[in-house]
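Comments concern the structure below.
When the chains are written out, they are named A, B, C and D in that same order, and each has its own residue count from 1.
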């Protein structure tokens, strides 16, 4: 097994793990965390493709590497926006649930009866 | 010498990874932070050893970046401790 | 000459690795937060310091060597202050229990 | 088994273990600490994949900044954690999700094993054109020349997400100061650090950004380091976040994309296409763009971390 195969399989596993967390964690913040975990796996996959393209005196293909750098920054911006949306939801409704049938407009902090 | 440096990098990494068990066991958030702090320092040492072993000078810049961001993250985490305590504990009253 | 330097590097890095071992052992085995903190700072200061010392002859120049020392000094400064903050947080937590 | 492969297998096991733990631990605080370690371990993986530029960016943004952002949210949402436990999906849903996740992972793994041999690569093409840009770091060359439109749009996306964050403020607080007020640490250890470290850190950030032309580095990790130093000073109460209505702040935020666009449009006249650089001035123009970008990235990332305005500007 080469290091490329090893890290590629790791990337695939991380995507699977992140997806699972995204689906089953009820708390939105844990979903955001899982999504970032998933993103790490996707970026790693790009890194493996870049490493396979090593040549011309470079340790890896610079094009996928540049894409990953752009991706990391955009992922951070998206995470920041998602976090602020979630905090605003909490501020407005007093709970952070994503359930559509949750009692709306309840007293702040009082979602304990779910 | 390359083999020795790689082995040393692996050893340091294994040690700090073992220390991560503290994040699992806790009991307090301060203990978790210590494990993260050790991981940061160990990560820097591993990076420097890896860089020396493979003769990639740029790993020193990665280590520098890591050192600065680790300080920032640790300070933010320490400041987050009282608010991020176990929910069943009472709020600090000092 | 290069043999002497290699021996020096190996000795210093081994000593540094030992302090990481000691730091981890202390973090896992010591009974309470403050003693664990004591073990941690040894790994921070001496472990990384000795590794950096061992790598100095292999840095390939004065400027890269200075950069290595700068990284160690940064970690040293941060560790001194952060461990104070962690210690205070640990005391606060133990009082809450 | 060679030393290298043993080290890499151990590293992969560490990443996987930390990932599982991030997902399974009950407390969100512990999950975020684990996520920061995940980013740190991934940084080492990027070094092993010979992607030093990515390693620098991952260490700065992927691990440090994202972790601190999530931690702040976790602290504020602590009260909602207990409720969420009651909403855990049933065994059937969990099994279905596990099956789907396993399927996706398997498909990706299969795709990896059937990648074409020899691998497609743009490395020779990028290297052949690199001298024309005056850069010596191929990744910076790709970011600033061949895929400059991507990089420009990315700046705009980050700026738009900041506008999105700001627009979530309450109406009466618009134009106020972002985030909560941090009180100065009375015993002074943190304040001491926040006064001594940022000058060193800002120099290091500029240095990393400057390196980008010839070696791994660049505007992203450099700008992130500067943003982190700014946030450190804010956390210690040494300085306060500026009100978002300040004109100088708005100018700094648009400086990067504006310079980028201006150089891009000037390409029509000097080199015959949008975002084309005249060969004789390519390096100078790219450096001008990078200076603007470092400034804007530092300000934008710092303000994204600080969040929407929560305090009125009027005392």
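Rule of thumb we're sticking to: a contact is a pair of C-beta atoms (placed from the backbone, for glycine too) under 8 Å apart; a residue touches a chain by one contact, two chains touch by 3 or more.
No experiment lies behind these values; they were computed from the predicted model shown.
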{"item": "Chain pair whose interface holds the most contacting C-beta pairs", "value": "A-D"}
{"item": "Distance between chain centroids, defined by C-alpha means - subunit B, subunit D (Å)", "value": "19"}
{"item": "Length of the line joining the C-alpha centres of subunit A and subunit C, rounded to whole Å", "value": "32"}
{"item": "Length of the line joining the C-alpha centres of subunit C and subunit D, rounded to whole Å", "value": "28"}
{"item": "Junction residues of subunit C - those touching two or more other chains", "value": "74, 78, 85"}
{"item": "Multi-partner residues of subunit B (each touching 2 or more other chains)", "value": "29, 33, 35, 57, 64, 68, 70-71, 75, 85"}
{"item": "Subunit D, residues touching no fewer than two other chains", "value": "4, 28, 48, 50, 65, 72, 74, 76, 79, 81-82, 190, 193, 197"}
{"item": "Pairs of chains found to touch, sorted by chain label", "value": "A-D, B-C, B-D, C-D"}
{"item": "Parts of subunit C lying in touch with subunit B, wherever the complex brings them together", "value": "6, 9-10, 13-14, 16-17, 20-21, 23-24, 27-28, 33, 36-37, 40, 43-44, 47-48, 51-52, 55, 58, 60, 64, 67-68, 70-71, 74-75, 78-79, 82-83, 85-87, 89-90, 92-94, 96-97"}
{"item": "Partner subunit D, residues of subunit A touching it in the complex", "value": "1, 3, 5-21, 23-27, 29-30, 32-34, 36-37, 40, 43-45, 47-63, 65-70, 72-81, 83-88, 90, 95-97, 99, 109, 111-112, 114"}
{"item": "Touching residues on subunit D, where the partner in the complex is subunit A", "value": "4-5, 8-9, 12, 15-16, 19-20, 22-23, 28, 31-32, 35, 38-39, 42, 45-46, 48-51, 53-54, 57-58, 61-62, 65-66, 69-70, 72-74, 76-77, 79-89, 93-94, 97-98, 100-102, 104-106, 108-109, 112-113, 115, 119-124, 126-128, 138-139, 141-143, 146-147, 150-151, 154, 157-158, 161-162, 164-165, 168, 218, 220, 297, 301, 304-305, 307-308"}
{"item": "Contacting residues of subunit B [partner subunit C, same complex]", "value": "1, 4-5, 8, 11-12, 15-16, 18-19, 21-22, 28-31, 33-35, 37-38, 41-42, 44-45, 48-49, 52, 57, 60, 63-64, 67-68, 70-71, 74-75, 78, 81-82, 85, 89-90, 92, 94"}
{"item": "Contacting residues of subunit D [partner subunit B, same complex]", "value": "3-4, 6-7, 10-11, 14, 17-18, 21, 25, 27-30, 33-34, 36-37, 40-41, 43-44, 47-48, 50, 52, 55-56, 59-60, 63-65, 67-68, 71-72, 74-76, 78-79, 81-82, 182, 190, 193, 197, 201, 204-205, 208, 211, 215-217, 221, 224-225, 228-229, 231-232, 235-236"}
